[in-house]
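Presented sequentially are two complexes of chain A, the first with chain B as partner and the second with chain C.
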Partner chain A sequence: MNNKQFKYKKAIAALAIFTTISGSLVGCSEKNISQAYSQADAITITNVSYDPTREFYEQYNKIFTDYWKKEKNQLVEIIQSHGGSGKQARSVIEGNEADIVTLALEGDVDEIRKAGLIDEGWVNEFDKNSSPYTSTIVFLVRKGNPKNIKDWDDLINDGVEIITPDPKSSGGARWNFLAAWAFFGEQDGATEEYQKQQIKKLYSNVSVLDSGARGATTTFVENGQGDVLLAWENEAFLSIKQNPEEFEIITPSLSILAQPSVAIVDENVKKHGTQEVSKAYLEYLYSDEAQRLAGENYYRPSNSEILNEFSNVFNLDVKLVNIDDYFGGWEAATEKFFVDGAIFDEIYKN
Partner chain B sequence: MREKALKIILIFIGAAFIVIMLIMPLLTVIAYALRQGWNTFFNAISDPYAIKALKLTLFTTIISLVVNTVFGIFAAWAITKFNFRAKQILITLIDIPFSISPIIAGLIFIVVFGRIGWAYPLLEALNIKVVFAVPGIVLATIFVTFPFVSRELIPLMNSSGSDEEEAAALMGAKGFYIFRKITLPHIKWSLLYGMILCTARALGEFGAVSVVSGHLRGKTNTLPLHVEILYSEFNLTAAFSVASLLVIIAVIILILRNLIEYRLKRGEND
Partner chain C sequence: MQALQKFKGKNKANKSIIPGFGLSMGITLSMLSFIVLIPLASVLLSLKDISFSEFIEVIVDRQTVSAYKVSISCAFIASSINVVFGVLLAWILTRYKFPCKRIFDGLIELPFALPTAVAGISLTTLYSDKGWIGALFNKIGVKISYTKVGITIAMIFIGIPFVVRSIQPILEKLDSQYEEAAAILGADKHIIFLKVIFPEILPAMLTGFALAFARSIGEYGSVVFIAGNIPYKTQITPLIIMSKLEQFNYPAATSIALIMIIFSFIILFGINVLSSRVNKIASGD
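== the complex of A and B ==
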């Protein structure tokens, strides 16, 4: 009995020691954090962004920190959050206190406006409809293009496995859907019924429907699923850069001009007192330096002079349809295609 | 002869199952973590974001462990030593976190404490952030690890009955004294066992925490979430290095668990 008691005490003691050690570890960390924040001139902003911008903002945050230090002699710390665009917008609406959002879709930013966090007229707050960089949708195929995919109508052939994320949750996936829709709409004698049929064939070839763009890329690139990934141009280039021997990019004859949107979350910056730095953060995206950085990260710079500097990277001949002109804007497109029971559900559920 | 063949086949299937389902994945994690050498491994686990994630995970685990241990003892004590009307309802309530999916656990907190939740105006007035901040992560973890301690204690305390406690009370002992001298020695090993299960689950919780975290790098990223982020960034080696850290902690916990299980068995035979 004594022996047993002794061992039991030892176990308790060990547990207590473990708890104390880990507790002090945590204590230390909190001290460090509070020290970092207590520097009188430091300021923190949170950028809630979508999946494929991780690499770009990691670099951009460095040049912006330097710029702001020079300009205002103030240390700015930027906290990044990434995920599917729709999911990220949802989290801001539910209380994730972003100072700025840099999302894939105007529609996602507009959801945050509807929730009362962003003021009316945000689209015109920054240049080019608040889209400092644009992108388009291309095909990423395996080296040598074994399924001979050249354009959208090759995707509906039997035996082609397509990877694309779910348009219900992913901004990128909506661009994919709309680009395909526009392509089939431009065929001779196309009717809406024909477009629906072709798109239905296309989605019946989809073998994995991930919830976000990055998940779809990982499925295709790392896990080796599927023959073709419908991807953001920048995401496709990034995959090529990392695995130059394995993939190639096919630019279809027609695609869509994807305009990711940026905005200040007005309610949150008011609360945090970060209006000035947040505005500067988004304005500086239009500087030559940041535009070049966007180009280097395979986003098409919105500044056309700088875009031309990258003409050897991007295929500038592809015909790009514009969401406003072709679909009557995001609101109309969302209503027509992506709300519950709209065309995507009609196609996908049957 | 046929019986022997059947035996061999069954053993083979069993062994193959264990290798494929358990041993191979674990070895793969370690192999992936080390495939670019020790330097990459150490860089990945000493990255400032990884360390912050580790600290947040430990912090969350300790709070969950303390809260659930105290609560678990109280609950088990109340349920097994007293008779009251809503007893069965209380037992069912304790089991809820076992049976509902972690994503629902996370969404519950969003719906209550989020900007669209009913408690938000109050929190706003008090300037407290719950979801998309550390308190939300701690709450979600406490929720999913809620039943572990009490579930371990209730059957044991049920079977040992309350005779000894009643005798002590008749002799004039006070509540806490009875607990310390009579109840605790009976339950100590089960209690430790429950605490270890609780720790293991708290360290690894992904689903519920992912919903309430907001994925703010360096602020609300726990170790499992950090693994996912690294994986999404094509940083497979780093992802598996951090994952192997979790595996090592898990193995240590399992060894502790087995030691305690052994003690429990010995206790029964005494």
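== the complex of A and C ==
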């Protein structure tokens, strides 16, 4: 055989071997996963969630495991994953085998539906638009409130430095923008032009526009930037809990009802055979026990009786506007404010 | 046939002392395809969802263009500073003996090892106007974190190992006889550096610059915390890509990524050509 030809044959053979090995490795790992799911005595589900729910789900998973053991005498193991809400949604779309998603925005869950992994009508699958707990946007200010910030219109004063994440790169930050927009819309004689102007003034006072909510909290809390942080209420409470001497929470007169959404990833649970337990997992979030746990973790329970038990924690006088009623839903809000060239981009031009 | 014959003959003449050309070439090609070429091609593939005019619209958008400017100008300044300090660092590490030298040497690689987000957060804290270093600069009215200066500092941090590790081996190999000869022929220190040492390390400096530059314009994790991200002021290009992804706008994200890839490729290719020229001149070919 010609020496040269022989060498090329070897090269091709090596390529083939390499491909087979890597292919079989991938195959193996898939097999392992399906084996884990088919074990009868224990069942594993994956909950893909966003950043600030870490502590809540750690505790919730314990009470759910106990509940499921009592009900079905089956051990359930829950794998948690946390990250930015949008990033988590993308990871599920790209093949992260989540059974359940518990994300910050209805829009993020809806993107998974658009990818064909969640069935139509998921919003009505669970109570209260599939939002077992809610939150709102509040102001975190430095102790003593030196800039005397009481409401949204104090934020546009000269010399107030605001820290808030970028609504284009952080889904959670869109609630901040919408809350401010709703406030200025409720002023006497407000027009859309007026709202744009006020929002523009507000964002021109933003000194750091972090890419995510956790980053913004670090900027305000650890690096001492700015006079006020626009934050999710639950995040603001966590900051106070860690540094009670340094900060206080100001609840504005009007804010937005931030509704994190939960859903079953239908395609994945079918594949894993975890429909029943996944459904129970999300339903149990509405039980009194879980609702109280949400309250203890500074999420507002969606059950109004239990919410009232926490009236010494949350300011229940704040007027909360709802995304569906006020903005016509996420899709419409995104289209109007946050896509490229929409109002948010407009206020930064010139 | 003739060509094959010729090729074969050439191959025989250059017969490598290391056996197994076929096997190693096979592995190399498959690794390269799986890890580099196919992923890069898939970038191009996801552009099929966008028309040419939309593509142009995305890449020349005013906000995006201002982000290119921030990324490129900061990366350029950072890499230039890195080249100067990198030469100095490499020089000290190869030419002098001092206590804890090995520890210093190891520290150079730390920016590689550290998760970039950790680096970003600590740099931001240190250089913010309330931080140790930032407070000193704040007294003379210089803000570092959340400005372009901060972005540049983060880029210096991640780029420095590329420069030092490119130059160090050249300096180690440099025969001190040349310097001695120059000294005997009456050259003073400056001339020895400029005419003897500098031409030898110039190609390595260029390579280090190119690597540091390419890394800097693509860097997200460590820069994004210190940048401040204000549109038209301190927004970097990778952040624009991230915000397109956050809107599930994959084609737009890919379009900008493609521009970045092309830009990095031009820089790397240009520097490679340049440094091989310099090499030829230095070796007198």
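Note that in this section the second predicted complex is superposed on the first by the 308 of 350 C-alpha atoms of A that agree within 3 Å, B and C clash if a C-alpha of one lies under 4 Å from a C-alpha of the other, contacts with A are read in each partner's own complex, and residues count from 1 in each chain.
What we mean here is this: contacts are C-beta pairs under 8 Å (C-beta built on N, C-alpha and C of every residue); 3 or more make two chains touch, one makes a residue touch a chain.
Source: prediction; values computed, not measured.
Here chain B and chain C are compared by how many residues of chain A each touches, and C touches more. In the superposition on chain A, A:Glu94 makes contact with chain B only, not with chain C.
Of the two partner chains, neither chain B nor chain C is touched by A:Gln187. By the touch criterion stated above, A:Thr46 is placed in contact with chain B alone, chain C being left untouched. In the superposition on chain A, A:Ser311 makes contact with neither chain B nor chain C. After overlaying the two complexes on the shared chain, residue contacts for A:Ile79 are found with chain B alone; chain C is out of touch.
In the overlay built on the shared chain, the residue A:Arg54 is in contact with chain B alone; chain C does not reach it.
When both complexes are overlaid on chain A, the residue A:Gly215 reaches chain B and chain C alike. With both structures placed on the common chain, the touch criterion links A:Asn157 to neither chain B nor chain C. In the three-chain superposition model, chain A touches both chain B and chain C at residues 7-8, 11, 15, 19, 22, 215, 218, 222.
Residue ranges on chain C touching chain A, taken from their complex, read 4, 7-8, 11, 21-23, 25-27, 29-31, 34, 58, 61-63, 121, 124-125, 128-131, 145-146, 224-225, 228-232, 239, 242-249, 252. Listing the residues of chain B that touch chain A in their complex gives 51-52, 55, 58-59, 61-62, 65, 110, 113-117, 120, 129, 131-132, 185, 188-189, 192, 195, 214-219, 229, 231-234, 236, 260, 263. Those residues of chain A that touch chain C in the complex are listed here as 3-4, 6-15, 18-19, 22, 86-87, 90, 111, 166, 168-171, 206-211, 215, 218-219, 222-225, 334, 338-340, 345, 348-349.
Remark: chain A residues 5, 7-8, 11, 15, 19, 22-23, 25-26, 29, 46, 48, 51, 54-55, 79-83, 91, 93-97, 115, 214-215, 218, 221-222, 238, 242 touch chain B in the complex.
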